[in-house]
Structures are given as structure tokens and as C-alpha cells.
Amino acid sequence: MAVKVEMSPVEIKNKKPYLEWGLTEKEYDFISEKLLERLPNYTETGLFSVMWSEHCSYKKSKPVLREFPNRNERVLQGPGEGAGIVDIGDNQAVVFKAESHNHPSAVEPYEGAATGVGGIIRDIFSMGARPIAMLDSLHFGEIDNAHTRYLINEVVAGIGGYGNCMGIPTVGGETTFDECYSGNPLVNAMCVGIMDQKDMQKGQAKGVGNAVMYVGAKTGRDGIHGATFASADFADDRETQRSAVQVGDPFMEKLLMEACLELTSQHKKWLVGIQDMGAAGIVSSSCEMASKAGSGMDLTLDNVPQRETEMSAYEIMLSESQERMLLCVRAGFEEKVKSLFKDYGLEAVVIGRVTDGNDYVLRHHGEIVTNIPVSSLTDDVLEEPSEERKPERITQAESLSNWIPEFTDAKEILRKLLVQPTIASKEIFTQTYDSQVRTNTVVGPGSDAAVLRIRRTNKALAMTSDGNGRFVYLDPFVGGQIAVLEAAANLIASGALPLAMTDCLNYGDPNDPEIYWELHQSVLGMSEACRVLNTPVISGNVSLYNENNGEAIYPTPMVGMVGLVKDINKHLTNIFKNSGAKVFLVGNTRADFAGSEIQKMLTGKISGMLNAIDTEFESKKLFKLLQAIEAGLVDSAHDLSEGGLAVGLVESTFSSDVGLDIELKTMKAQDLFSETPGRFVVSVTPEKVEKFVEIMEDDCMEIGETTAKQKVHLKCQNADFEIQVAEAQKIWEEAIPCLMK
Amino acid sequence: MKIAVVVFPGSNCDIDLFEALHTVCGAAVEYVSHKRDNLDGFDAVMLPGGFSYGDYLRCGAIARFSNIMPAIVEFAKQGKPVFGTCNGFQILTEAGLLPGALKQNDSLKFICKTVSLTVENNQTLFTTQYKKKETIALPIAHADGSYYADEETLAELEENHQVVFRYAGENPNGSLNNIAGITNKAGNVLGMMPHPERAVEAILGNLDGLRLFKSLLENGKVTTEEAVR
Amino acid sequence: MVNVRIFVTYKQSVFNPQGETITDAIHSLGFSAVKKVNVGKFFDLQIEPNDKSVEEIVSQVSEQLLVNFNLETYHYEVMEEA
Amino acid sequence: MVNVRIFVTYKQSVFNPQGETITDAIHSLGFSAVKKVNVGKFFDLQIEPNDKSVEEIVSQVSEQLLVNFNLETYHYEVMEEA
């Protein structure tokens, strides 16, 4: 490969290559006139362009992210590190974060998804935590064409391929389908880890003279400008030998993880800080580590292990090769660290030192190729005020009355809902994930939340990831509230106290004022719900510019939430356990059809306004239910979401031995399919009913009982029908496999 | 009885075996690195599931050349108990300690679920606590678990009662003769794709794997010769 | 009937961990003479050309199905008669 | 430096699910002219022969590592000079 002759600073000023790398003219001028007071050279311009990208700097979303509450009595580490950390007692802590890999997955779905998983796992073990579980949140187009099927197959295979090999169980997540995601699938991955609090690490490089060490895979030219690349770049790439796609090597990462965990748990004296190399590789990890400690840094790029020849400083610094970590090692312990990694077959190399002051100095081939203040990369980013405007469609919807379903055959509606891809069984995907490795998975994919026991304690962690772009699209504020509420409801249905949350904010182009308004409003809605539920946002990720042929996706915030089950024996699943139990509906049912599954099914689109939500009221109800569950009064609990009560009831009979006899005296047939949030179906053995009702008061309504017959009998004011459990389960299970053929 | 759980680069069910044997069954267990060259002091050796060496080339193909392998081969020759699950089974076939090979599942996909198995031989060191022809349920989690051997080998396996576990009902991966687990001729080496170590605790919903480890721990007290048939 | 062999390899710049792991294994077996290993796959197609030429079929099948151009590249050879 | 390409395929008696799946996929793309697909892998070795001949090295590496004779068989070709 020929060495490219790099443009001189003056040529850069005149030819403006930085525009293509994502830097605006205004930013470039600010950098050269105010920050450096000289023209940046080629390498430096590259560094600014990635560090000032939205992906690394959050320059667009920062003002909005400040809305999130991120502290409470349990939070040990909030946003700002690889992942957030929450106290779970016994000197242990849970660590988690979510990350999006939407754009890479649209281009190369297998590797895009796989490297997304690899990246989020590194964020967790870089905190000193042992990753114990993965969750994924996937949104695709409708399964009616070969390309979508290809994307689904490859993304799912990529997530499984990486997690399975790492030996980290993938225990939960969500998969939805909607036309708006067809060219721009959303691939969000969340990793949860557990640690002893004494092992907590930070991504910092302090102490003049301490070593900066590089460990893991060699650096290649992959993923350069990963933050800004577009699929169009690849169309003409067929004939070339070049590829910017990052390829994951989970085997390497497994070794890296075990070695790093040995270092962080057993050799704390050797280590000052540790951070993974994610987006924008060496540059972002090194300058962030220096910035957090208020240090300078001096790196010699010739020492960076490289697997391609003649890489320029620019390429070395911007490469997004996977499976690499950066360490700050106390001077004098370099050899010890090297030999630890060597034991795992890995090479650790000193690439530089921590220095006094604020200078970020890079050397290559005997020359200084960069000399700029650390803070210019990390702190001086120009935050640009964004314009906001309420979309026309919402103003219009406010003046119209909401759609109400009309139908005659409720049973037929139920059958049709059960085969809607967003409702139907996802087992065809989840069974390609090893959900049990490490033998802690008490509840795997399929229930409301996954539950993992914590060995040698009586506790467990529950975890879920949820999002519903349709609601957020119709009403960002209420949709944001619902996203958080739904995640909390999933945890509570499993018997867990919600602790904290992470998020991935997936939106369109933020320069569009309407999209920015959606982002802002939905974050306000989420924040409000978080405050009320006391679930601070401890980590997260933003993915903007999700567009498909110029059309934005639905604004789709993914909420990942983790909860604590105090007594593992009290955890619940959504499946009825015994016949003869009383069935209760918790929560009131309103006419909530805007954005519902039945609306989409019957009208082919979504429309209308969402009803306002009283989160204080919802929260009280949720915690009452948790109290009842923790008191051992409840046999099973299922929170109601897509498809509403009828779907929830039927789902809770699947793979059980029981049927149902339900009478809803106050409801009409359409109410069976309303999607009012904050509701649950729970079963209670008769002798516990009195105590249960005492706690729940009028937040619950007895609606029938479980029977020994394998059928569901549903009766309301204007409908009365039966459906065999086996039949319902069969169509629900076969729907997606059939579409995927 | 002291048991070695061998850890290869990329093993990931090592902890599951360890916990099943140690925490659940109370056995003396130690992790043994692939770099070690002997199994002195051990009475049984177990090869865990996972992705040794990334499963690059073929599953188990590279692990077979690790430092510890000659010791395992020698251990097996002496008639001492050797057990491999999932990737461990693949390594045992690659090393020639068990006949045949494991190829990609017919579905071409990784599959993780609980399957039904028939216990075909309850006279091995590992299965005396099961009933013959008993149906049990164990989890599987693999992409390459389709057992293959040529006809002659298959006939021999059947004739010598070396097929210990067979998939009952649905065959999840295309294994010939529905084979899920086999022993060597002497009966002291067992390889199986299902994961008994994932089914030893009530809290995880399945106890069917427990008796495998209990059988071994009980039979380990007597000499191998006596325990085999 | 025409027999075609399509060779698919990773592009040169794409990181291919398999090759390195296999090289290491070969070295640990003592074959230091082997300096480098690359791994690829091939597809043998039996084609009975109809309205389309063999070239057309091969290039279309490769591009639509067999080759992932993000990472891979291919070439093919027509083999002797079956 | 000698470049050798080692071809590894399943033995004919061994069912290779990949081949069938790919054939089906090709047909569903409308290429009925493709009658049969076989899949294999190949290894390109760069060898600098020392005390052993290239044949010895190739056959030993294949037999000890690259090929599983329960399922697979192989042959190799010496390629043009690098």
C-alpha cells in the first residue's frame, strides 16, 4: 500500500478535508484561532475531528443529557466512566451500561453486532467488574423481504457469536419490527457485571512518569472514521483490498478479559487506571484518561503494535481495531504487567508516559506529530445550541379524537395479535444465545425480566431492556415516561426492586428541530419517571442520525434497568404455577389505543395522542405490588404491554399446566386490547388473597381463576370465547419462524 | 477423590464444572492450566465446555496440542476417569480418545435449549445412579454437536454399549444414531454434548445432571476395573 | 455441465484471527518452515447453463449470496469437464 | 518461498448441511442452472523449506492439524512463485 502524502496545515486550511471528517468550518477556525493559535497539522486535525464528533463529545446531546438524574444513595459511579456502578450491599456492586452499534450493523450486520457486544463488555470489565450477563435491544423493519431477513439473521448471529464465545450469557432483550427501521436497524447491547467494591477502577492516567501501556489486539486500519462513516462509502469498495469494517475476535477478548480481571482484582498496586479503546481508539482512551487526572501525556506511536504496514500517525490514532485496552501502570511495575499478560498469550507494551501539565504529545518516526493541550480534545468542544420545534403531526393529532378499535370477533383479533411479530415468540432468536453459561441464570429469555442469582448470597439481580418507539413518536414526553415505567414494571413483576438504569438514545438527525424536540421531550419524560421511581441514569449512549432514505426512525430510547431481588426464593416468572389460584388485574384500564399493536394491525399505521401519566400514582402502585411479592403473597406476575390484557393472560398460560376462567364484568371487548401502561396480571393462591388485597387496596381487581383445563375462557360485557392453550401457543411460537423462511 | 478441571484458553464452562463438583457435590476440585504437563495427584479429569482457541480451525482441534494433553492421554490409558462436555467432548474426539467427530449442527446455528435424553448405559462410572432407559432432560448449548462416525465405528459403538446418552424425541443437531454421549471402549472416558453441570441445582430448575457427578464420586472410590460392568 | 470453483477470501486489510491462531499452532507443532497461513473457503458449483452464461451466473450468485463484499473478495476458475 | 494451497473437503459419504442450504438459497434466488454446490475450505501456506521437503511439511501439517480424517479429506497444489 502506497504511503499517502499528507496535506500540509496550509493545504488543510484551504482544501478543508475536515468537512468530510465531520468537523465544521466554525469548529476548525475556533481550533486554529482560539485553541492552538496556529494551524493544526494533518494528524491533529484528524484527532479533533473524531474527538469533537457527536459520538465522542456529545456536543449535541449534552444539554439534554443534563436533565437525567444520576445520583442517589446507592450510586457509586455515575456517568463519566466506562460504566455506572451501584451498591447492592455486602460490599458488592453491580455495573452496567448499554451501547448502540446501529450504523456498523446496517453496513455489516454480523460484525457490527458482534463488535457492539465486544465493546460493551470491555466497558464493564474495564471498571474491574466480571461481566455476568448481556441483553440486546433490536429493532428491524417488517419481516417481508429478503434483506430484512438477512439483517435479522446476521445481527442475531453476531450477538450470539460474540457472547457465546466469551461465555457471557445473553439473558434478555427485546426485538420489535416496524417499517421505519428497515434501512436502519437498531442494535443496542447492554452488559451487566458484578464486582467487589474494593476492586473499582477508573479510566485515569495520573502520576508523572507512570507508564501508558497498550494491551490486546494489534492495530490495523479498521474502523477509521467509524464514527462518521456512511454506507455509501462501501458501495464502490468491491474490487479493492481495503475494508474499514471492524472484525471482532471474541477469543482474544476472552483472554483480555481474564487477564484484566486478574490485574484489577489481584494486583491493584500495579495499576493506576484502565480504559477500553472504543470509538476513536487510542486517541479517545488516552486523552480521556489524561483529562480525568489532569495530566499530560507523551506517546510514541512506533511502539503501538501494528498488523498492517506503513500506518500513518493519523491511522494509528484513529483506528477502531477491536479488543484493545489502555492501562496506566505505576512506574516500575511494567515488567510485572507484561508478564501477567504474557501468561494469557497477550502482549502488553509501554507506548508512553504520563507527564506534568496539559500537553498531549505524539511522536512518530522520530518526529513530534502532535502537540496540543489535552483539554482541547476533551473539554473545549463547542456546544452548539440546537433549535427545537414541536412537529406538525403532533399539533394536528392534539385536535383530533383518538381512534377506537371496532370489531365483532374478539377471538379472531386475539389470534391475529398473537402472530404479530412484535408479540410472537422470539425463541427462534434467543435459543441461538447461550443464556445459561456460568450457571447463574435463574430466569432467562422469555419472562418479563431475566433473573441471575449472585453466588454465595441469597440475592439475585433482575434485568431488562425496553423501548417503544411508537409511543415516543406519538408523544415523546409520555412515551419517555412509559419507557422507564415499563422497564421498572418488568423488574417488579420479577420480584426485584429497581435500582438504576442505563439508556441508548436512538434518534434521527438532531439538526432537524423537530427531531431535537423529540429528543429533548422524551429525555424530560424519562427523567421525570426516573426521579419518581428513584432509578437514576448511571450510564448510557447516544446514537443520532438514524435515518432511512431521508426518513428518521421513530425516536427510540432504549431503557436498560437492573433491579435487586432481596430473596431469591421470592423471585417470580410470568407463568401461572397452579390451578385454583385467583387471577387479579393490577392497575386501571383506559382506552389506550394510540400506538398500540391492535391499532397498527387493524389500520396499518399508528396515530393519536397518548393519555397523560401520573407517575407518582403509578410508582405507588408498583411498590405496593413489590411489597406483596416480597411478602410471598404472589404466585406469578406478568406486566402487560403489547397486545394488552388478553395477550398477557394467554401468554401466562404457555408451557404451564393450567388454563383460565376469566370474567371481566366492567370491560368491553375492545378493552381487552388496550395498552394502558403500568398494569399486571398476577395469580394468588386463595388463602393469600385477603392479605394481597389488603396491600393492593383498590389497585387490583379479581378477574377469575386458573383452572386445570388446558384452555382460556374469556368473558366480558360483549364477548365470550374460549381458546385452547396449545393452539394459542402453537401459532405464537410458529409465527416468526414462518416469516423467516 | 480429587478432580482436575482443565482450563484451556477460551474455556468458559470451567467455573460451571467447578461449582457443580465443589459447591454442590462437595468434591475436591482444582483448576489445572493447559500449560501443565502432568496430572499427578488427581483421580479424575474433566474437560469443560467453551471455545478453546476460539474454535478456530475446528472445535477442539488446537486444544489437542496443548501441553496438558499427553498427560490426559496417559491418564485415560491408565483407565482413570476422563470426562468432557461440549467443547470437552470435541477435544476428546480430536485427540483420538473417543471415536468419531462432531460437525456443524444441521440447522447451521448455535442452539441453546433443554433436550430429552435416554440413558442407554447405566453401567459406566458416570451413570450408575441413573436407571437404564430412563429419560432425563439436560441443556445443550453448541453450534457443532452433530456426532459423526463411519458405519463401522457406529456399529462397534452400539455393540460395545458405548453409546451412553441418546437424544429422545427431537434430534437437535443431526447426530447419527441420535448420539449425545459416548464412552471409549474401556468405559473410562465419557464425552457428551449436553451440559450436566448446568442441571445440578433446584434454583436453576433442573437436577437431572447431578447424578452423573454423584455416580463418578461414588464409583471413584472403587477401582475402575470393578466399576466398568 | 460446467464445474466452477469459486474462491472466497478475506480482503487483505481485514483482520483474520483464524490465520494467526493456526499459524501459531503449526509453529508449536515444530513446523517453523511455515511462515504464514491464510484461510479461505471455496464453493464448487455444477452449472447447466441455460439462458445465462456461466460467467453471469457465477458473478451474480457470488455477489448476491456467496461473498460478503464488506470483508471478502473472490475469484473463480472453470474446472475440467465433470 | 513456496506457496501451497491445501484444499479440505468433507468426504463424500459425510453429509454437509452447508452445501444443501446454499443450493436451496441459490435456487430461491432464481438460479435453477446451478445443480449442485459443494463447500470446502482452503489454507494457503507460505513455506520456506528447511530440512524437510515441501511435501513432507504439507502432508504432516495436514494430517496432524488441518484435516480431521473422520470427516474430511484433502489435496494440495503448489502455486506459482510468490
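Chains here go by letter, A, B, C and D, matching the order in which they are written, and residues are numbered from 1 within each.
Keep this in mind: a contact is a pair of C-beta atoms (placed from the backbone, for glycine too) under 8 Å apart; a residue touches a chain by one contact, two chains touch by 3 or more.
All figures in this text were calculated on a predicted structure; none of them were measured in a lab.
Looking at which of B-C and A-B shares more C-beta pairs in contact, the answer is the pair A-B.
Chain geometry summary: the mean Cα position of chain A and that of chain D are 41 Å apart.
Chain A and chain C have CA centres that are 37 Å apart.
Multi-chain contact residues, meaning those touching two or more other chains, occur in chain D at positions 65-66.
In chain A, the residues that reach two or more other chains under the touch definition are 249, 251-252.
Among the residues of chain B, those in touch with two or more other chains are 53-54, 56-57, 62, 65. Taken chain by chain, the contacts fit none of the simple shapes, being neither an open path, a ring, a star, nor a full set of pairwise contacts. Every pair of chains meeting the touch criterion is listed here: A-B, A-C, B-C, B-D, C-D. Across the interface of their complex, chain C is touched by residues 107-108, 111, 217, 220-222, 234, 237-243, 245, 247, 249, 251-252, 307-308, 321 of chain A. By the touch criterion stated above, chain A contacts chain B in their complex at residues 157, 160-161, 164-167, 249-252, 254-255, 344-345, 431-439, 441-442, 453, 455, 568. Of all residues in chain D, those touching chain C in their complex are 1, 7, 22, 25-26, 29, 31-50, 52, 57, 60-61, 64-66.
Chain D makes touch with chain B in their complex at residues 13-15, 17-18, 21, 65-66, 68, 70-71. By the touch criterion stated above, chain B contacts chain C in their complex at residues 53-54, 56-57, 62, 65.
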